[in-house]
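Okay, so chain A shows up in both of these, paired with chain B first and chain C after.
And now, the complex of A and B:
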C-alpha cells in the first residue's frame, strides 16, 4: 500500500478518530476500550510519521483544497516543511504515549478509562489537523477542539485541584483564542478571504501588521505558556493523566510556538526587528523564571511543568533571533536560529515526554507526586530510573544527549547575532546567551534534585518502599524515548541538516551548512565554530573506561567492594528522615533569588484571577444580606426603638408603678364618667 | 578529523596535567600550612595519600546507588577529556572539535551534575547538602564565566578556545580594557571553581566542594580526589590557555615543545601560588551571602562587555 503524504495524514487522523470512537462504543468493556484506543493510537502515530517523513526528506510539500460545508471557508490543507515537522513530532510522541497508555490507563479502570481514550485520541487528531489546515476558520475550529479535548483531560480526576486548574486553563486558553481570532479577522478584513494563502500576499501598513503580530503573539503565547501568561500551565499539566501531561507539555505548547512562527514569519514575514526582540526577551525571561520556579517545586509533575515554561523560553529565544535576522536581512543567521529553535522543539518533545512518562510510572507505582515522600526508587524501578536519568541529562543540555546539540546551535545563533548585527543586536545576543547559561546552571540543580530526591537515598514512605518496576509497555515507551534522546544527540550531524531545511523553507535563501562529515558547524562563515557529537560521545564513553582499566590493573585482586551499613551521621544512628529534603536542597537558591520568587506572585494572572474571584465572592456575600439590611433590619430597628421608648416607663421603682396604677384608675374613671 | 600527532599530543597533555594535579594541590596545602605558621606535610603528600587510598577497601553505605558508584569514573574521565582538549602546550587545541566554549561549559556542567548527584545518591545528609551548595555555586559562577569568555570570543569572532587564545596572545592592544577586565572576571570564576576561601574550603569534608565526598572511601575516593585535583589544574590552565598563552609552542618542533613543557608547570605553579596567597588572606564567608560577592565578578564581566561594545 502506498499513499501520498496527505493520504497517510488522512489515514492517521482517521485512525485517531476511530480510536476515539471505538473507545465510546466499547465503554462497557473497559479492558477492550483501553487496548483498542492505544492500538489505534500507535497505528495513527505510525501513519502520521509516514506522512511527515517523505516531506521532510524530499522537501516537497503537498496541498489540497475542498469546498467545505461553509461557503466562506474552503477546507484548505497544506503540508509544508514546518507542518510536516509538527506532524512528525506529534505523531512520534503520540505513538509512544499510546503504547504507554496501554498499561497506564488501567489505573483508571472503573473511573471512566474509556473517556480517556476518547479525549486523548480526539486531542491528538485535532492537533494533527490544526497544523496542516491553511484556512483561518478551520484553524480556529481545530484550535478550539484541541483546547476542549485537553480541558477534559485536565479535569479528569474530578477533584478540587484538577477542576480549579481546568477552570483556569479554560479561561486563559479562551482569552488566547479570542486574541487570535481578532488577529485573523483583521487580516481577513484586509484580504477578503480566510485562506492563509491570501494573508501571505497582503501588504499591510506597519502599524496594522504590528497589531496583528502582537495579538497573535499574546494569544499563541498563552497556549505556549510563556511568562507572564504561564500560570495555568504548572497547574493544568500536572492535573492531567501522565501520558496526557506528556502530550500537553511535549507537543501542545509547541502549537503555541508553531502559531507564533506561522503568523510572525510565514504570514507576516517578520517585518520589524522589534517583534523578534520582543520574542527573544520574553523567551529569555521565560527560560530563567521557568526553571527558577521549577526548582522550588516539591511536586514532581509541577516541577516538570514549570520546566516546560523554561524550554518554551529557549525555543522562543531561537524564534526571536530568527525573526530579528529576517527583519534585518541576515538570512543565514535567521536560518541558523530557527533551525536551533526547531531542533529544540523536537528535542523537548522527546525528553519532556520521557520525563512525564517517568513521573507517570512513579505515580503508578508509588501513588504520590510529592518528592518528599519518594526516594530510593532506583533500587526498585531501575529501568525507569535509567530512562529518567537520560531525560534529566538531556534536559540539562549535557553532552552527548540531544538537548546539548540544540542549545549549542542556539548559543551559536545568538553569538552570531552578537557578532554581526547592529548595536541593538550586539547588546541583545550576548545578554540572551548569559540568560541561557544561567538557565543551564539552574536546570542542573533542578534536575539533580528531581532525580536525586526521587530515586536516591532511603524511601520516605511506605508506598515508595513497596514500589516495583513499571509494566512492560510503560518501560518500553520510556526506554525508546531515552534511546531517541541519545540518538538525536549523537546523530546530530545527520539530523541537523533536516532541521536546517525546515528553517530555510521559511527564511528563503541558500541552505545553511550546519554539518559536515561528523562535525556540526555554526554554518556562518564569519564566526566559525564546530563540535563533533559522535566523537564527543565516543570519547565520553571511552574516558571513564580508562580509570576503570587502571583500577583493574593497580588493584588486581584487592579486597572486594563492600556495600553495607548506614551513611555517616556524626555518630548517631541514621534514620530515614536524616536526609536533605526537596525544599532544603533548593533553599540557598530560594534565598538568593528571593526577589524573583516574589515576582511570581505579583506577576501571575492567576493571582489576579484569584483576587477577582475573591472580590466576587465578597460581593456576593455583600449582596446576599442586602435584603436583611434594607428590609428586615429597619423593621427590627424600628421595633427596638419603639420598645426602648416604651421601656422608659419601666422604672423599677414601686412608687412609680403605684403612680401608674393611680393614673390608670383616674383615666378609666374619667372615661366611665363621661 | 585529527591526525595522529595531535592525538598523541592530546593524550600526553592530558596525562601530564593529571600527573601534575596532586603536586599542585600539595603546593596549595603547603602554602596554607606556612601561612598558618605550621610546617605542613610536604608538597608530595597528595601522591602518598592517593597511593594509600588505592590500596584500601572500597566501602559504601547500603543505600548508595549506581550513580554514586559510577560518578568517580565519569568525573575523572570527563576532566581528562577537558585536559586533552585545552590549548596547553600549543597555541591551538589538539582536539579542535571539542575545544569549543559552549562544549566546555557543558562538559563542566556534566562533571558538576554527576558530582552533586553522587552526593545525594550516597544517602548521606551531608552529601546531599554539599550537593545543593555545589550546584548553587555553579549557578552563581556560570553567568560570569560565560560572559567573560564571550567578550573575548566576540573580539576574536569565534567560540573556539584555541583560536581565541591564539588571537588574544598575539595582540592585547586590540581591546585592552575589555580583555583585561574579562581576564579579571574569568580569573575570579576560576578562583571560585578551584574551591577557595571565602567561598569554600576544599580540604574540609563538610564543606561544599568535597561535601559529596563524605561517603567515598578507598579507590573511589582516590579517583574522586584525582578528578577534583585535575579540575583545579584544568581551570587554571583554562585561564592560562585562553588569556595568557605565553611560552607555548608556536609549531610542533621538538625544541619549542620542550620549552612549552618546562613553561607549563611553572605557569601553573604561579597560578596556584597566587590563588593560595589570596585564599589564605581571606576569612570564610557565610554561604547564603555568597551571591553578594559573586555580583562583583559579574559586574567585572559586564563592565568588560560594555568596554567591548564601545570598542575600548
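And now, the complex of A and C:
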C-alpha cells in the first residue's frame, strides 16, 4: 500500500482519533483501553513519520483544499517543509510516548485511565491537524482543540494543585488565543479571505503589519512559554501526567514557536528588523531566566519545565536572528539562524521528551518529584539513569549529543550576525552570544544538580531506597530516545542539510552549505568554523582508552588498594543528611543572581491574573444587584402597573366585550366615512 | 321606481320590528315579533327579486322563510320558552333611552352609507342604511340586555342585518351562499340555545351578570 504524504497524514490523524474513540468505548475494561490507545498512538506516530519524511527528503510539499461545512472558511491543507518538520517531530515523540504510556498509564488505573487515552490522542491529533491547515479559521479551531485537550490532561488529578495549575494554563492559553484571533482578524479585514494563501500576498502598511506581528508574537509566545508569559509551565507540567508533560513540553510549546515563524516569516515576510530584535531579546532573556529558575527548583518536573523556558529561549534566539537576517537582506545568515532554531527545536523535543519520561519513571517507582527525597537511584534504576544522563548531557550541549550541534549552529549564526551586520546587529549578536554562553554554563550546573541529586548519593527516603527499574515499555521508550539523541548528534553532517532545506524553504535563496563530508560548516561567512561530530564521538570513545594504556605501561608499579567503607566526614559518622541538598547546591547561584530571582515574582502574571479575577468577581458582585435594582425591578413594576390599568377593561361580563366590539366598529365606520 | 320604494319602506319596518323584539320581556312574544320581522325580510327579498328580476332571490326568500320565520322561533320557544320566563330580567336601559339610541344608530348608519358610491345600491341607500343599522341594533341588544335569551335574539338581529346587506349588494349570488347563511343561523341558534339550557341548569339563572367567573 502506498499513500501520498497527505494520505499518510490523514491516516495518522484518523489513527489517533480512533485511539481516542476506542479508549472511550472500552472504558469498562481499562487494561484494554490503555493498550488500544497506546497501540493506535504508536501506529499513528509511524503513519505521521511516513507523511513527513518524503516531504522533508524530497522537498516537495503537498496542498489540498476542500469546501468545508462553513461557507466563509475553506478547509485548506498545506504540507510544506516547515509543516512536515513539525509533523515529523510530533509524530516521532507521539510514537515513543504512546509506547511509554502503555506501562505508565497503569498507574492511573481505576482513576479514569481511559480518559487519559482519549485526551492524549485527541491532543496529538489536534496538533497534527493544526500544523498543516492553511486557513486561519481552522487553525484557530485546532488550536483551541489542542489547548482544551491539554487542559484536561493538566487537571487530570483533580486535586487543588492541578486544578489551580489548569486554571492558570487555561487563562494564559486563551488570552493568547484571543490575541492570535485579533491578529488574524486584522489580516482578514485586509485580504477578505481567511486562507493563509491570501495573507501571504498581502501588502500591509508597516504599522498594521507590526501590530499584527506583535499580537501574534505575544499570543503564540504565551503558548511557547517565553518570559514573561511562562508562569503556566512550571505549574502545568508537574500537574500533567508525565507522558503528557513530555508532549506538552517537547512539542506543544514548539507550536508556539511554529506560530511565530508562520506569522512573522511565512505570512508577513519579516518586514522590519526590530521584530527580529524583539524576538531575539525575548529569547535571550527567556533562556537566562529560565535556566536560573530551573536551577533553584527542587521539584524535578518543575525544574524540567523551567528548562523548557530556557530552551524555547534558545530557539527564539535563532528565530530572531533569522528574522533580522531576512529583514536586512542577509539571506544566508537568516537561513543559518533558522536552521539552528529548527535543529534545536527537534533536539529539544527529543531530550526534553526523554527527561520528562525519565521523571515519569522516577515518579512511577519512587512516588515523589521532590529531589530532596530521591538520591541513589542509579543503582536501583540503572537504565533509567543512563537514559536520563544522556538527556542531561544533550541538554547541556555536550558533544557528541545533539544539543551540542544545534547550539554550535546558534553560536555560528550569532557570530556571523556580529560580524556582518550593521551597528545594531553588531551590538545584538555578541550580547546574545554572551547570554547564550551564560545559559549554557548555568544549564550544565542545573543538570549536574538534577542528575546528581536524583541518581547518585544516598537514597533520602524509603521510597527511593526500594525503587525498582521501570517496566520494559517505559525503559524501551527512554532508551530509544537516548539513542536518537546520540544519533542526531553524531549524524549531524547528514541531518543538518535537512534542517537547512527547511530553513531555505522559508528564506528563499541558495541552500546554505552547512555540512561537507563528515564536517559541519557555518556556511559562507567570513568565519569559516567547522567541526566534525563523528570525529568528536570517535575521540570521546577513544579517550577512556588512554588511561587503560597508561595502566598497561605502568603495570607492576602497584595501584594502591581501594578501601571500601563510609566516606570521610571529618571524623564524624556519616549520615544521610550530610549529602548536598538541592537547595544547598544552588545556593551560590541564588545568592549571585538574587535580583533576577526577585524579578520572577514581579514578572509573573499569575498574581496579576489572580488580582484581576478577584476584582472582576467583586465588581460583578457589586454590579449584579445594580442591574436588578436599576433596570429589572423598574421594568417589572412598570409592567405590573400597566397590567393593573389594563385589567380594568376586563370586566368579565361578555356584554362589555361586545360593547368594545361596537365601539371599535363605530370608530372604524367613522374613519371609513371620513 | 316603485319596487325600490317598497323595498325601502319594508326595510324601515324591520327597524320597528326589531325594536319590538328588544323591548318585549317574554320569550314567546319576542319569538313572535322575530318571526314577523323575518316575514318582513322575506317580503323585502321578494320585492327585490321582482324589481331586479333575480331568480336566485326567490329561492333565498323561500329558504329564509323556512329557517327564519318557522325554524328559529320554534327552536327558541321549544327549548327555552319555559325557562326564560321564570325571572324578570330588565335591560340596562329604559325603553325611552333605547329608542333614542336606536335613532342615533340609524342616523349614524345613514351617515355612513351616504358616502357609498356603488351603482347597484344607488336607489337602495335607505335599505342599506337599515341593514347596517340593524346589525348595530343587534349588537346593542346584546350589550344592553341581561337575559341570555335576548342576547341570542340580538345575534339573530345581527344575522338578519347581514343577510339583508348581502341581498342588497349581491343579489345575483349563487344559492350556495344562501344555504350557508341559513344553516349558519339555524345551527348557531341551536347551539346557543343548548348552551343557554346548560347555563340555566348549572347556575339556575339566565342573567349574564352571574357569568363572570372567568373574570381575571
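Just a few scattered comments:
Quick note on the criterion: the second predicted complex is superposed on the first by the 597 of 674 C-alpha atoms of A that agree within 3 Å, B and C clash if a C-alpha of one lies under 4 Å from a C-alpha of the other, contacts with A are read in each partner's own complex, and residues count from 1 in each chain.
Following the convention adopted for this analysis, contacts are C-beta pairs under 8 Å (C-beta built on N, C-alpha and C of every residue); 3 or more make two chains touch, one makes a residue touch a chain.
Here the structure is a predicted model, which means the values were calculated and not measured.
In the superposition on chain A, A:438 contacts chain B only, with no contact to chain C.
When the shared chain is aligned, chain C comes close enough to touch A:655, but chain B does not. Contacts of A:55 after superposition: neither chain B nor chain C is touched. In the superposed pair of complexes, A:252 makes contact with neither chain B nor chain C.
Legend: residue contacts after superposition of the two complexes on their common chain; A:453 is shown touching chain B, with no touch to chain C. Of the two partner chains, neither chain B nor chain C is touched by A:475. When the shared chain is aligned, chain B comes close enough to touch A:588, but chain C does not. By the touch criterion stated above, A:566 is placed in contact with chain B alone, chain C being left untouched.
Residue contacts after overlaying the shared chain place A:530 against chain B, while chain C stays out of touching range. Common to the chain B and chain C interfaces on chain A is no residue.
Of all residues in chain A, those touching chain B in their complex are 376, 378-379, 382, 385, 389, 393, 396-399, 404, 407-408, 411-412, 415, 418-419, 423, 426-427, 430, 433-434, 437-438, 440-442, 444-445, 447-449, 451-453, 455-458, 517-519, 522, 526-532, 535-536, 539-540, 542-548, 551, 554-555, 558-569, 578-580, 584-589, 591-592. Touching chain C in their complex are the following residues of chain A: 647, 650-656, 658-659, 661-662, 665-666, 669-670, 672-673. Residue ranges on chain C touching chain A, taken from their complex, read 108, 111-112, 114-115, 136, 139-140, 142-145, 151, 208-209, 211-216.
Residue ranges on chain B touching chain A, taken from their complex, read 1, 54-68, 70, 72-74, 76-78, 80-81, 96-98, 100, 102-103, 105-107, 109-110, 112-113, 116-117, 120-129, 131-133, 135-136, 138-143, 145-147, 150-151, 153-154, 157-160, 214-215, 219, 223, 287-288, 290-291, 305, 309.
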